[in-house]
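Here subunit A shows up in two complexes: once beside subunit B, once beside subunit C.
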Partner chain A sequence: MRLIEVRGAATETRRQRQAHALTLIVAAVVLLYGLNLRQSTLEAVVPYVNIQAGITAFYPQNWLLDTAPDYVFRVRDMTRRGYKTTIQLSVQPVSDDTSGRNIADRLALTRARTFTGYSVLAVEPYPLRDGFSAQAVSYTYVSQESSPFLQGIPVVVVGLDIITISRGQALVITFRADAATYRQELPRFEQFLQALEF
Partner chain B sequence: MSLNTRLLTPPREEEEIYPYRRVWRSLIIENGTVAAAAVALFVAFGFLGLRLPTVALLPVNLLLAALPAALWLVFSWLPEARVPEPRAYLMRVFALSLLVASAFALPLIENVLRPETWLSLESAVNRIIGYTVTVGIVQETLKYLVLRYALPPEALRIRLDGVAYGAAIAVGFTTLFALDYVSRHPDAAPDAVIMRVLALLAMHLGGSLIMGYGVAETRLGEATLILLPVTLLVAAALHGVAIPLRSGLMNAQLSLDGGITRPLLALGFALVLLAAPQVVMSFFYRAAERRAEDVVRGQE
Partner chain C sequence: MTRFFPRLFWLLPVCLGLVLALRAQESAGVDLERIERATVYIMQARSENLTITCIGSGTIVRYDGLILTNAHHTVQSESCTGDTLIIAMTINLEEPPVPKYRAEIIQADIGLDLALLRITREFDGRPVDAASLPVLPFVELADSSAVTLDETLTLVGYPAAGNDPVLLAPSVVTGFMDEPGGNGRAWMKVNTLIPAPGVMSGGGAYNRAGQLVGIPSAAPAGVVSSECLLLEDTSSDGFINSNDTCVPVGDFISVLRPSNYARTLIRGAALGLTVQPITAPAFQASAEGAPAFSRPFIAPAVVDGLPSTVIGSAPAGTDSLYLFFDYAGMTPNTVYELRVTVDGVPNRVFDLPPVRWSGGERGLWYIGVTGQPFPNGVYEYRLFINGTVATSLTIVVGGAATVQPIFSNIVFGVLDDAGNLQGNGYVLPAGPIATARFVYQNMQPGIPWTAIWYYEGLEIARVTDVWREDFGPSGTYPVNIEPPGGLVPGRYRVDIGMNGLLSLTGNFIIAGAQRGVALPGVFNSIEFVRATTPREVTDASPASNYPDGAEALFLRFDWELIGRGIPWTLRWRIDDEIFYEQTVPWNSPESGADFIVQVDAPGRLPDGTYTVELLIRDILLATTEATVGIGQLAIDELAQPGGAQLRGQIIDAETGRGLEGVTFVLISDQFSVGDFTWLQEQIYALAITDRNGFFEIDRPLRIGAPYSAIIATDGYLPVAADGLEVAPEDTSPIDLLIPLTRD
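After this line comes the complex of A and B, so read on.
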């Protein structure tokens, strides 16, 4: 086989320049498509309807849903290592003179007894949506693996409770995540709140 | 009367000197050594139960991560000095690929794209597409940019220059990603590290050979406009297919009987992934050379 060698042509032809330009355009378009695909997958949601509690929610796709007597429903991101990012929704009957602050204080008292290192960071008003005022309670605690055989290292968890009262019911919407990923995960909770109907 | 003389031996033809380093030979030696090291460590640690003291793990793992680069230096870069027509920009391309992988590819993949957070539970097809249009396209575009802008046009003289420079970029990317893996898992077993190195080398080399073909053919041949974008997409798709397939083969399957990882399948897959693109691309390079040869013959 002979060796085909090209020498001396230090400049590119027009076709070569066009090919390079086209390659950059294709790369940019494909990357944009990839970013769009990523965003749409991350924001993909699954509907959850509970007629009895009067709640319609859209929780992140692929999160694990479970229900229990303590809450209406809970979804967790089981792909997370360590603490599973959680969104939980519970409903409590309240009297007419109960305020969101009362519920927040009661929750703080209960949790201080059950959570290790529970500490309230802030209690502040939260603009939930038109016509609904809410209290936002941010807190932190230390979570340990329930099974001692897993020998997991305790994780610092940051939580956020959004408490609102509607038609004699207090709605407590809870978001909890590993402190290291809390900020990163918070937009998913805000997306959940925006789509929540009750 | 004519004297009919015949020589007992035919006259010796002057041997034609090949002026370039033979890149396929270098590649076979380098990749064969990495593959042999992977198989040897897999047998030693996986089957014979060899264990290293904890203090030795990090140095050994660092050496394994740097193995492709060391082999490339010995079998590709150093021999260039001994040939009449050396490839002068190999070290520049290698160093630049390390920097580009460190400054752009790794941060983009680990901090921005983070495919494991949104692709791990998707279907196989979605994962292939997802990895292709994110991880694959980012890495191959960066490699293409290195090939395009680190090399002056006259640096590509023969098509196999695309292989040589592509391999240099692949080794740069592999080394950086392998070092990143070791930095995050300093106590990993050496057989796991070498398997990761082998898989990285296979993916990056395959992609780089395809990309190098596109760049060389565009520069030296009569390639159509779409050849270069197509090679970019094919190279990206190689990552898109290889990443989920490897993890699917290696990871334990969820079943009621329990599951264990299957490193033997992953090793086999990495070996095939290392060899197959080289065989296929050598065919493409040879076919392109033949076409060019026919054109030259026709002109003569």
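After this line comes the complex of A and C, so read on.
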């Protein structure tokens, strides 16, 4: 048997050491740029303006936007597996006697009829920017695939309604997400609230 | 936003290749799977404990959950006491149905044994959110008048009490049976190649194009011929025995109610239109006394709903016979049946199995066939009411045709000064006199004949004479009725006999004031008015155009000399298609003004041209029309039949396992992937995969339309494709297998 001994290379030149350092720096810069690009892409927002309702909002990019008679607008993250994280905004007329708590109770009664396992978790004050006060209602229910021909497994959803009354109408801002990812997703909603103008 | 798409991993060849390669197996172009999925199993149950009281099949006829079925197992009755309807659907074709929804009856005609249900609740009782209800598979109605003798049909329904998968039973049309209002085919007789149990009643019968031509009907006929299934321990005594309530089902399917009968119901229900006669709400008179049949006789043909003549025998080669009879005390819940024997042997060709009664409380009825060869023999017709023989008649068919004196083709009117008969034939105005004119042939002088006139079933006049030589052997002859005090509103009949035997009979109605010689002024001043509530109608101004968004239409008319109990018909059309037709006994004073009818719909009335028609005995007596909005119905794309269903499975490319909760976005053919900006209006349909990765696009894809698709989910490279197109030769459903590569 013949043994071959492999030794380390001869001492690097200065230029080589500089090249290695530069490579590492460039790689780090590119990585940071990539991470920044990814983060900016993930956090990118799109404006939504509804002059009739007097609402300006910025919702996450690549979320599906739709409108319906029941709400001013709704956006959903269709790339999310399972329950699609949702932000929805609706307005309701109110009288001078209507309080945020009345709206919360009405929502609870309505949803108890239509949502499986609907349960209110908490009702508490929620400060909005610009000094607006609001009621925050957190709740949970079970969402199920609507197609009768598929074997969908129900998903536990956690929701949060922010209810505020302004200029004769109640604004209900709703956030819903899979219970498993609710906390992870909540900053998106808080970012949305911060930018919301009504 | 635009940066998102260049980074997509394009798998166009994969998707497109799969679309083109994975075809469904049906060779005839009929989407049998769609039909099977549109067929539902219906359980009527008591709401307090969900005990099943009646069962049957049904068919989804509209994407939003409109179900066509029989009334006998859905409408609450003595034998079906439940108040909740549970809808079970086929999830896997080889397996029994699974309860999914609850439904409510929105339209029903108990006599025709048809009912329309709408899915309103989830199975657990929560209201269905209309916005989230998927586009359900539905079937298209055919023109059932185009069905031919010996045509092959496929009966589809559930053969057992929820234990078996949906059954397809090939069958052949063996004949058509006629009843009043049936236009020659009130029922289609079928012979199934495999037995089709009574639970399939309410399902569907399909032609080769996969269109619904008839509704199998088999009403339980009480104790004699029906079956009653013991399914549950309803008495809670720990045993299933005679103490428990059983579930009645009919005999094997042998007749179909043609689908044309259901068109009006479906039209009205689809548009959500409700017609309310405000002045006299529609009602069915309660029957007096026990149901009974009487005075049976045979006629070779029907002319304007009346026997052409009355015969005691028929020659060899006869291919048309009708059994006429009087009826009284009948209700829509009554079940009647005709059994025919030829030389003592039951003949199923001329039978009518137990079916619901659709003729009102009393009157003259007929049932018969035409275009069907009658073999020589002695025919015994036996009519049953609720499983018990009600009346019978025997007639001989055979031998050579002989020349015999005949009275035939009776018609009614008023003679003008020139001796011509005037009028519309069967509805005459109140006045001093009316005339019946009939055709006579082969008459001989000296033959005794009689004419007996009846008013509301009571004899009011009789003429007895012998045939005179100057009348001649053939011609037409008028007989008059001129009672003291004139003809009052009501129903009249004349029986004309020869040699002591009934030879001809006919009936007519006196209603309305005389206009000209013989035209009746029954309904007058008919007009639409501009009002928002019934209270405003009397003083409202006439209108013929209503703005877009109108919430209700109000109709106003006056009436004159209509006897109580006279059947009258209120018919509504929208864009020339009937969406409401109801014939009920007149239930208001004999004359009056401002009869009000309201038409409305949830929200707002659909745009269209609304026409109302008032009839008595199918004779149009008054009509008017009004337009709403643009005067034309909007096109509902979802309601259009055809197209192909797209479904598939999304899997992990590495493991081959189905991916749950992934969204398949099918972009409208107006946009490409590059144009797509995540707006709902750009999307044709969305689907989310189930626990095994399967998804279904609920809306059928239009043939030749170039769709695009995006699948993007956490942890996997996105997939997008343009040019997803269904070719005309493709058969539905189209299956895709889409592998996703990990990010």
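Note that in this section the second predicted complex is superposed on the first by the 187 of 198 C-alpha atoms of A that agree within 3 Å, B and C clash if a C-alpha of one lies under 4 Å from a C-alpha of the other, contacts with A are read in each partner's own complex, and residues count from 1 in each chain.
The rule we apply is simple: contacts are C-beta pairs under 8 Å (C-beta built on N, C-alpha and C of every residue); 3 or more make two chains touch, one makes a residue touch a chain.
Because the structure is predicted, anything quoted here is derived from the model rather than measured.
Of the two partner chains placed by the overlay, only subunit C lies in contact with A:G82; subunit B stays clear of it. By the touch criterion stated above, A:T23 is placed in contact with subunit B alone, subunit C being left untouched.
Within the superposed three-chain model, A:T11 lies in touch with subunit B and out of touch with subunit C [touch as defined at top]. Touch criterion met: A:V46 reaches subunit C, while subunit B stays clear of it. Looking at the shared chain after the overlay, A:N62 reaches both subunit B and subunit C.
In the superposed model, A:Q194 lies in contact with neither subunit B nor subunit C. When the shared chain is aligned, subunit B comes close enough to touch A:Y33, but subunit C does not.
Of the two partner chains placed by superposition, A:S133 touches none, neither subunit B nor subunit C.
With the contact threshold set out at the top, residues 41, 62, 79 of subunit A are in contact with subunit B in one structure and with subunit C in the other. Across the complex, subunit C meets subunit A through its residues 1, 3-4, 37, 89, 91, 98, 100-101, 124, 126-127, 129, 131-134, 136, 659-663, 665, 678-681, 683, 686-692, 694-696, 698, 712-715.
On the side of subunit A, the complex with subunit B involves touching residues 1-12, 15-16, 18-20, 22-23, 26-27, 30-31, 33-35, 37-38, 41-42, 62, 79. Of all residues in subunit B, those touching subunit A in their complex are 18, 20, 113, 115-122, 126, 129-130, 132-134, 137-138, 141, 144, 148, 152-154, 156-159, 218-220, 223, 225-229, 232-233, 236, 286, 289-290, 292-293, 296. Considering their complex, residues 41, 46, 61-68, 70, 78-84, 113-116, 145-153 of subunit A touch subunit C.
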